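Chains: A, B, C, D and E, in written order; residue numbering restarts at 1 for each.
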Amino acid sequence: MSALVAVLVLPLAGALATVALPGRAARIAASTAIAATLAAALALAAWVAARGVPRLEIGGWAPPVGIAVEADGLAAAMIVMTATVMAAAGLSARHMLAPGAAGARAAFGFWPLMLLLWAALNAVFVSRDLFNLYVGIELLSLAAIGLVAIEGKAAALAAAMRYMIFALAGSLLYLAGVVLVYAAHGALDAGLLTDRTPARTDGLALALMTVGLMAKTALFPFHVWLPPAHGGAPAPASAMLSALVPKASFVILLRLWFDVMPDQATEGALALMAALGTAAVIWGGLAALVQERLKLIVAYSTVAQIGYLFLVFPLAGGASAEMPWAAGAWNGAVFLALSHGLAKAAMFLAVGQWMAARGGDRLEDLRGIATAMPMTAFAFALSSITLVGLPPSGGFTAKYLIMTSAFAAGQWGWALVMAGGGLLAAAYLYRPVAVIFARAEVPDSPLPSRGRQVVPLILAGAAVALGIASAAPFDLLSTGRPQAAGEGL
Amino acid sequence: MTLALDATLCGLIVAVALATVLGRGVFRAIVFFIVYGLLLSVAWVRLGAVDVALAEAAIGAGLTGVLFLAAVGKLARTGAEAEPAPGRPHLPAALACAGLTGALAWAWFALPEPERPGSDLAAALPRAGVENPVTAVLLNFRAWDTLLESIVLLAALVGLWLLARDEDWHDRLGLPQHVRPGGVMESFGRLLPPVGVLVGIYLVYIGADRPGGAFQGGTVLAAVGLVAALAGLIRTPRVTGHLWRAAMVVGPLVFLAAGVAGAALGAGFLTLPEPIAGGAIFAIEIALASSIAVTLAFLVIGPPERGHRR
Amino acid sequence: MTGLLPIFILLTSLVPAAITFFLRQESYRLRNALNLGGAVVKGALIVAMLVAVAGGASFETAIPLAPGLVLLLRIDALALLFVSLSATLWLLTTIYAISYLGEKPEQSRFFGFFSLCVFATTGIALSGSLISFFIFFELLTLSTWPLVAHKQDAASLRAARGYLLYALPCSTILLVAIVWLESATGPILFTDPPDLSGVDPASLRVIFALFIVGVGMKAAIIPLHGWLPAAMVAPAPVSALLHAVAVVKAGAFGVIRVIYDVFGIERVAELGVGTPLAALASFTIIWGSLRALQQTEIKKRLAYSTVSQVSYIILGVALASPFAVIGGLAHLVHQGLMKITLFFCAGIYDERAGVRSIEGLDGLGRRMPWTSTCFSIGALGMIGLPPIAGFVSKIYLGIGGLQAEAPWVLAVLGASTLLNAAYFVPLLYRLWFREIAPDAEADERAPALVGPAVAAALAAVLAGMLAASDISPLGWATLISERDYLE
Amino acid sequence: MTGPTLYALTGAALVGIGVFGLISARHLLRRVVAFNLIGSGLFVFLGAAGARGGAADPLPQALIITGIVVALSASALAVGLVVAHARASGRPALPEEDEEA
Amino acid sequence: MGDLATYAFTGIGLVFFAAGSAGLLRFPDVFSRLHALTKADNLGLGFIALGTSFQAGSWRDVALLALIWGLMLLAAATVSQLIARDALRERDGE
């Protein structure tokens, strides 16, 4: 219980401290907050695994008067994944923020924004209140936009501006849906809304919220803001943005469609979401194939990977919800979100170190970097394996579960999307992997310490380990979610 | 009679909104937007939401308006072209927007009869520690929202400061003001603050029982600060001004500390035990109002900038 | 303890792999000791297991990954046959590779992935469920890639890319096949064949075809063979690994598993998919031989020979008559022994005489008698000359063809034998009957290279001469087919 | 037609007008203004819904105040971005390829 | 009695507002527009405040109304002065 409060409060307190304290003290405060929040996240997961879902009615006021938060298995898993990525990004960022004028500005902004982003993510993962979620995703967006703009160059500012437009439009659409829900039911709590008497306006409300959240998740065709934003930010920021931020709005979508308003899920709407996901897989993959900058390849890969997540809707929603294959699809999607988060963060952190060593992220700049920095190269390769969905990795487990569900449901088209998307991923990730492992004369450049090089490797290893030891995360995921428990197929 | 008044008001609001969107020139659009905000605050009074009316007038029309106007000035100084060529005519877009409006209008009539949570709220109100139900919701029932909201302000400010150019980072916030000593602006700046500070504190103070509260009061205080800065009475601080930074976080910090204290004492996170709820809310509101005032003012002033002398 | 034996056998390859990755180039001693030690321990464990299995023990270990996703390791006679083969050849190849690589760079990476490959192959052999099989199968793909690309020059990278270009789509197809089938039957364990009656025959035929494409790519079935000749640019130990120890063997092994443990031979017969597969294998045999004839590079000729020879295995198991199955299974081992001999020798010619093309072999027989004798034994065995192992396989396959009422198999075998002779005899002629070029520098003062070749050649001869005994590959194959497949 | 209905329809109209402004404007500042129109339109709709039963419901009022503050925060950051972007690129609009929203 | 006074004073206030608005729309340049706005509207607001104060429940409310009017006067005076100076500078600049 106190772990639940801790994951909400610690990053906030850390953020306040980093704003108020001067440079060095701020960094110490940030490190402390990161370590403490990581510990709290692990404690929370252990608590959830051992004792079930903690529920907290904040201020002691039960809904509809107050706001309730709950850490179910999904939330706990996401919080742990977030904590892992954040800790890794924090470790990498410490050395990235150089002294000097630019350093002072970036160093001032990075730590508070990172901790605010973290606080917002945790708040979104556990919140059960639709309006509280709105405030949460606004905090998330503003912090994320700040991180995109942190470099201060024209391209970064344009990317941030574009992101801002999409994020604001998405927030407002979501808010419109919330307004309709409140107007119809006088309640904002997910639990109360589950038991509501459906109103005629619920379909419209759900549609508005969904489109808004899609824009924030960067689902095709709302993806155009993502590659420049994630490709332009400093590597630790990109890691957080790509690995974590889209997951928050995706988790809200999961809750809306599976918990709050499952009655509104029509076959057509569900299929449409998966179709957009398919388009994202194809478009993101093709675009990644033609990029020359590695960060853009990795960013476009996020567009494609987000597409996969949306295949869950027709497989586990609507009429499928009661079917034996629903659990597999749902678990698979969440697993994919988790392993993608870890792998994508590892990739961005690896690329960040290479950029520091080679001064650029064009593929040609990075030729043969594996010889100089084998551990990060290995981390990149391992992450690629997860993203392609090759065994043994979390990506493979997820892919297997979703594909099996798709065939069992007779919707084998979605399985082919998964399979084809994996090949596309292999195609666009092969180029960078081949380039970094190619033989080349390595220009002399100061290399990061081994301790820093190992950070991406740990993340990538975690993504792979998710596939090897998936039993424990699975039990965690099914906590508080009877539909997802059990053997499934 | 009242319906006619409402209809006129609504008509005006829609007309001004249209003018904001369609009118030529950014400056004009912004002036219309300010008028729109003021009209909207009248509408809030008509809807019986005086707290919202105050917030709308102070924040929605007032500060947002100043923010936009200041932006026009800054944009002119960047040398960016005044107005990009307008896009092509957007008939499909217009139809889509009409469709959206239509959908929302349809939804209004399709809404079920309200199942009012008012009864739950009314039942909880006596234990909230304040009489103004809006303040009760903001500072007690949904305190978590409000805490996050105060953090949102902070996040926006951190993000905004990051937009400074590296070479400007150690300069003072915003553009330096050149005011004629003894001029009208300076006199105004001298006259207003005492009254303004009084009004601001008063708004915070009465928020417990009547319309008002930390946000409205904080906004007034922010406005006072802005006027004082415009009048050259005070110089804006630098981002490294630690006292100011402390002021920015004190509100959320007190709020958070109160929440954690509740959890530590066994009452629960952000739980204000009934006997001390009123006092606690007042303390939080004072701290919050200070932070809101500072943060809002800084948000409007903008990131540090070196002045360009002509 | 005994339950953990499969895991220990896996670890004997995984642990050296994991440690080797982090060793510095200069740590020759430690690296060599690790790899040789792993291979020796593994051999010992397998012997222990052979004894235990002969005594009626069974080994099974399940590691749950996710609901419905269980990594199952178990040992049956077929697994034991394959794992013994790969373990023996791994030991030989490691000795050979240590000497072959000498002080060349990037050895830690090489041996790391090399051991990882063997780990994957062992995993394939020991897999007790379809999904375990797939996981190790893919691991094999991934760990082979860096080995093919090892030299990091343009040709190696191209070959490595070509390998993935075949491997990844085919593994995707394999995954689709697995998922499709398992979504109807639930997880498929090799211990008890799944009940396929719920799936309509048309779908089953498609699934079977997908399976064959998925695993057949590694067995280099035409038209999925293109990667194998291209991959001969890799160092000789890698070729040995591809052709004998791991990759193509894993493909052939996969075909056996699919036919016998996933579908079952009755179902295969019922669906009428065995004959088309046998026909495809026959075509591969002939076509591979024809292509081998056209090659002037030794390793390339050997590579096409592999394309042709591996399909003997598939032909045998697709025909599904008792003798054919025994012949196919035995050839899994025989081909491995003979082909690894040939590649070892080809590597020695390259290293010690700088010879890569056929013309360069002229007269090397006298200068390099041990090597050339081994090479000759391998080549003659491939042609099917008694008493070398290849002869036994061909006889069994021929009889099996007649048993299966497919007399055309005899024609295929005959044609193939002629073609084998046509592309191997000229080599032998050059080795022994031509005069050596006057300026040629050639010697075989490299016992760690020649030794493994001699051992492999000896094994090939023994496998043929002792075919009648119970412990020969043929004896094992007979045991497997009688115990598990042909009631 | 009752008062709340009138205001709800006004709110709906404001949302439409705001979205149109968002799509049609190229000047970024105008887009930020349009966001504010949309947001306030939604708040009016919510306020009208809260006013249906006679006495005003305090919960939506609190939500709206929160929303107004959030909107100001977002606007301030957006305006800062517009200025910084214009200073860096010389244009108060996004590059041409954007045909989004 | 109070109602009557309210009607009367707000009525007068409205007339001043109308005149001020007409001036804003009809007058030719910034200076005369400012003149119309500040003079007429400030007076109009004063009358409306006066009129509403007859409806006030307490002297406190009346004081508040007066304070509001005072602040408006101050603000209007300052703003119009600033606008005028800006306009003057702009005209001279051209």
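Convention: contacts are C-beta pairs under 8 Å (C-beta built on N, C-alpha and C of every residue); 3 or more make two chains touch, one makes a residue touch a chain.
No experiment lies behind these values; they were computed from the predicted model shown.
Excluding chain A while holding all other chains in their positions yields the touching groups B, D, E | C. By the document's definition of touch, common neighbours of chain A and chain B comprise D. Using CA-based centroids throughout, the chain positioned farthest away from chain E is C.
With A-D and B-D as the two chain pairs, more C-beta contacts join B-D. Between chain B and chain D, the centres computed from C-alpha atoms are 14 Å apart. With centres taken as mean Cα positions, chain E sits 97 Å from chain C. With centres defined as mean CA coordinates, chain D is found 68 Å away from chain C. Distance from the chain B centre to the chain E centre is 26 Å, each centre being the mean of its Cα atoms. Looking at chain D, one finds that residues 15, 45, 49, 60, 63, 66, 70, 73-74, 77, 81-82, 84, 89 touch two or more other chains. For chain B, residues that reach two or more other chains under the stated contact definition are 104, 108, 111, 114, 116-117, 121, 141-142, 145, 149, 152, 155-156, 159, 163, 165. Within chain A, contacts with two or more other chains are made by residues 131, 135, 138, 142, 145-146, 149, 152, 157, 176, 183.
Interfaces, counted as pairs of touching chains, are A-B, A-C, A-D, B-D, B-E. Chain A makes touch with chain D in their complex at residues 131, 134-135, 138, 141-142, 145-146, 149, 152-154, 157-158, 160-162, 164-166, 168-169, 171-172, 175-176, 179, 182-183, 222, 224-225. Residues of chain A touching chain B in their complex: 2, 5, 8-9, 12-13, 15-17, 19-20, 22, 56-61, 64-67, 69, 101-102, 104-106, 108-109, 112-113, 116, 119-120, 123, 129, 131-132, 135-136, 138-139, 142-143, 145-146, 149-150, 152, 157, 176, 180, 183-187, 197, 199-201, 204-205. Listed in rising order, the residues of chain E touching chain B in the complex are 67, 71, 74-75, 77-78, 81-82.
Within the complex, the chain C residues that touch chain A are 21, 64-69, 131, 134-135, 138-139, 141-142, 146, 149, 152-153, 157, 160-161, 164, 168-169, 171-172, 175-176, 179-180, 182-184, 186. By the touch rule above, chain B contacts chain E in their complex via residues 184-185, 187-188, 191-192, 195.
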